[in-house]
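Labels run A, B and C following the written order; every chain starts at residue 1.
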Amino acid sequence: MSRKIIEIAGKRLTLSNLETDLYPSYGFTKAHILEYYRRISKFILPHLKDRALTLKRYPEGVEKEFFFEKRCPSHRPAWVPTARILRHGEEPMTVCLVNDLETLIWVANLASLELHVPLARAGSPETPDSMVFDLDPGDGADILDCTRVALILRDLLANMALTSYVKTSGKKGLHVYVPVNHKETTFEDTKGFSKAVAEIMQKSYPELVTSKMAKEYRKKKVFINWSQNDSSKTMICVYSMRAREKPVVSVPMEWKELEKLAEKADPERMQITHSEAISRTEAKGDLFQDVITKEQRLPHL
Amino acid sequence: MRTRDPISESKRASGKEEEPGSHGIWSGTISFSLVAIPVQLVKAVDTGRVSFRMLHNKDYSPLQRRMLCPEEDTIVPPEEIIRGYQTGPEKYIVVTDEELESVSPERSRTIEIIEFIDIKEVDSVYYDHPYYLVPSKGGERAYHLLVEVMRRTNKAGLAKFVLGEREYLVAVKSVEGALSLVTLHYSEEILPTEDIIPEEVKIEADEKRRIKEGINKMRADFDPEKYADLRRNKILALLKKKSREKVLVEAPEIEEVEGKGPADLIAALEESMRKVKSR
Amino acid sequence: MASGAIWKGEINFGNISVPVKLHTSIREERVMFHLLHKRDHVRLRQQMICAYDRQPVPADDQAKGFEVEEGKYVIVDPEELEETVPESSRVIEVHEFVSTGQISAVFLERVYNLEPDGRSKEYTALAKTLTEMAVQGVCTWTMRKRSYIGALHANGRLLRLSTLRYADEVVPAKALELERFSLSEKEIRIASDLINHLSGAFQPEKFKNEHQKKLQGLIDRKARGEKVVVLRPKRLKPTAPDKLLQALEASLKQVA
């Protein structure tokens, strides 16, 4: 299998197994994956910056075993940015920070197809930058149901003077982000707020929504997973690839797109693959940019 | 499971928490004479992927290590924990971090090479734990000079440095283009062997020849990849099999949020929902 | 005074067989401290607490889990782990002999001194032969439920067994991806001179754990109620890249 030594910003990196087909039923090799991440890098890097990366590695492809790593692998170039993370009462561990292109390519070369990051940055692990609503369809529900829920959620939040942003999970659901970017807002705040929102959504749309995690409540409904608002949880990073049959990507959508898709009832249109992810982003720019910069206060807490 | 490296262990044992987001195990300077090179210490040994988490077998919630005060039977938070040295039964002297660091102030952030020695002279019994030093910004050139010169002269640098309450004697060597640092045992820690070595005795020539022949039949080059950790492979296979069988358990949600939330918020949400529905 | 033997085994290869006893080679000495409660100086105990109900959990209620996905675990019970334990035997099987020096220090884990368990002559013959041929035997054995690889080597008439790390546990230097640098011959020459001037024989007895002594001194002073002055740790200023040659020359002047 081929090896290649490249240099990025003066840093040396050895790439390996470039011809390995990691999405065998589609035909997408490691080289293709590296190319995708290279092209999307300027959009994805700001969302990865200073966040403890959880790698999800598929060294033999999406159909075989994966393993996930929270610790930064010890076999790493000296230039990979890292941070020490301490969880109360647990072992401190060293995590990778994907703060530059060379580290992004190194991670992708490890076949970490999916990049998962926490809602808070490594330096302030108890302070989330956003509040998130993870919309997950149960058996019998689909992404179109999630779309309907997301649109209602958007309006509900807008009436509270909160602007929200939505992205596909790359699987069957949607993620609605409410940027906060305030150093005094903690996970306790975002979790409490999102739980209250989830409960009122369930109360008002009981056939469509549930706020409870247990499987028996989720049949044919969209589960609003408010418990993701926690320092120990991670979300798939926007623009990350997903390990599905096809190389789909978690991409941001415009609200007006969602409205049209809800009308047209075409769930396939929401499975966006790598090439479309690149072309849309190069055309529209980073639709999730404001999630990093917009400052909002959660009212009534 | 394998033991942790001594430097990380002594940091953890101090009971104090590091600043979140700090880099690496240790960073500082390595010096010889008037040359000082900024470096970072990184691990040379990876204890491997199979690390278990302890869970509560009733609800599969993860367990955490906490310090308990046996008298009050309560969990003690880190701000209330101090380091004490026992001087008598139930008698302790408290030593703060600053006092500890002040004991050897010049050594806490610098690895000062006191002298260079021939690598071959170091008996492997002295080796404790290996690490690598990597250059920090601005130190790359000086770092590589040291690597190259130690390689050419076949020397290692002997140094001491202090971390926490321990002082380490270390050897710094040039290995494949990098600086490796190995902590060493002090000579008073090496146990004598006179009692176990048998008396000098004459060995017949054909006894030696027999052994030599046996050895020569088995000559090879060292290839560590040939040897697999059988036990770990078995554990990994077991884990693979169990994950495939989907016998997964999940921890319950930690319901820190009690009740339904502040009344104001509920009221505002209900008002907002009314507006949404009326459109 | 040698410590007691921790294990007995038999070195085997070809038609050679040498029974041995394993002894540890190190005794670490350290001033131990305890963690105390600030308020009343009561010595603290470590406990495993359930993150959910915040209560201490006794050993019987603890299970071993392996995280396969975030928050999802595979439980492994003690019997299943027992089955992975290697068969115990007393054989230290030597598979090959490599030249001394081929096994890099990064692989070395722990050193055991070997004492002959009868058959002293064979023991001595093996030790002398290994020394003369400058080789080490790569071997495997199981001890206390673990499987090991190790290097059998001699130090004069003493046989030693060092445990080795497995290949995937060791970070190779090339994984660090350090850049190559072109250095001037002048820098290399001056630095080599400097190092040679700073060289000596390896005399480990010269090095004592001074920090330990100073720490004990601090503890004693505090116990007597004396005031302790806290000094700030010195941070050495790194040599700027363009001042490197200057620093080397100045250093050489100092020692030559």
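As a convention for this text, a residue touches a chain if its C-beta (ideal position, glycine included) is under 8 Å from a C-beta of that chain, and two chains touch if they have at least 3 such contacts.
In this text the structure is predicted, and so the values were computed from the model without any measurement.
**Student:** Please flag the chain sitting at the greatest distance from subunit C, going by CA centroids.
**Tutor:** Chain centre farthest from subunit C's centre: A.
**Student:** Please tell me whether A-B or B-C has the greater number of C-beta pairs in contact.
**Tutor:** So, comparing the two chain pairs, more contacts are at B-C.
**Student:** Chain with the smallest distance from its CA centroid to the overall CA centroid?
**Tutor:** B
**Student:** Please compute the C-alpha centroid of subunit A, do the same for subunit C, then give the distance between them in whole Å.
**Tutor:** Once rounded, the distance between the two centres reads 41 Å.
**Student:** Report, in whole Å, the distance between the mean C-alpha point of subunit A and the mean C-alpha point of subunit B.
**Tutor:** 32
**Student:** Distance-wise, how many Å sit between the C-alpha centres of subunit B and subunit C, to the nearest whole number?
**Tutor:** A distance of 11 Å separates the two centres.
**Student:** Do you know which subunit B residues sit against two or more other chains?
**Tutor:** In subunit B, the residues touching two or more other chains are 42-43, 45-46, 64-66, 132, 134-135, 243, 254.
**Student:** Please list all residues of subunit A that touch 2 or more other chains.
**Tutor:** Correct list: 67, 74-75, 78, 89.
**Student:** Please list all residues of subunit C that touch 2 or more other chains.
**Tutor:** Only 49, 67-69, 71, 171-172, 176, 178-179 qualify.
**Student:** Given the complex with subunit A, which residues does subunit B contribute to the contact?
**Tutor:** Against subunit A, subunit B makes touches at 8, 11-12, 17-18, 20-25, 40, 42-43, 45-46, 49, 64-66, 78, 132, 134-135, 240, 243, 253-254, 256-257, 260-262, 264-273, 275-277, 279.
**Student:** Which bits of subunit C are touching subunit A when the two form their complex?
**Tutor:** 49, 67-71, 171-172, 175-179
**Student:** Residues of subunit A touching subunit C in their complex?
**Tutor:** Per the touch definition, subunit A meets subunit C at residues 10-14, 54, 67-68, 74-79, 89, 116, 232-234.
**Student:** For the complex, which residues does subunit A have touching subunit B?
**Tutor:** 50, 65, 67, 69, 73-75, 78, 81-86, 88-92, 94, 121-125, 152, 155-157, 159-160, 188, 191-193, 195-197, 199-200, 204, 213, 227, 230, 299-301
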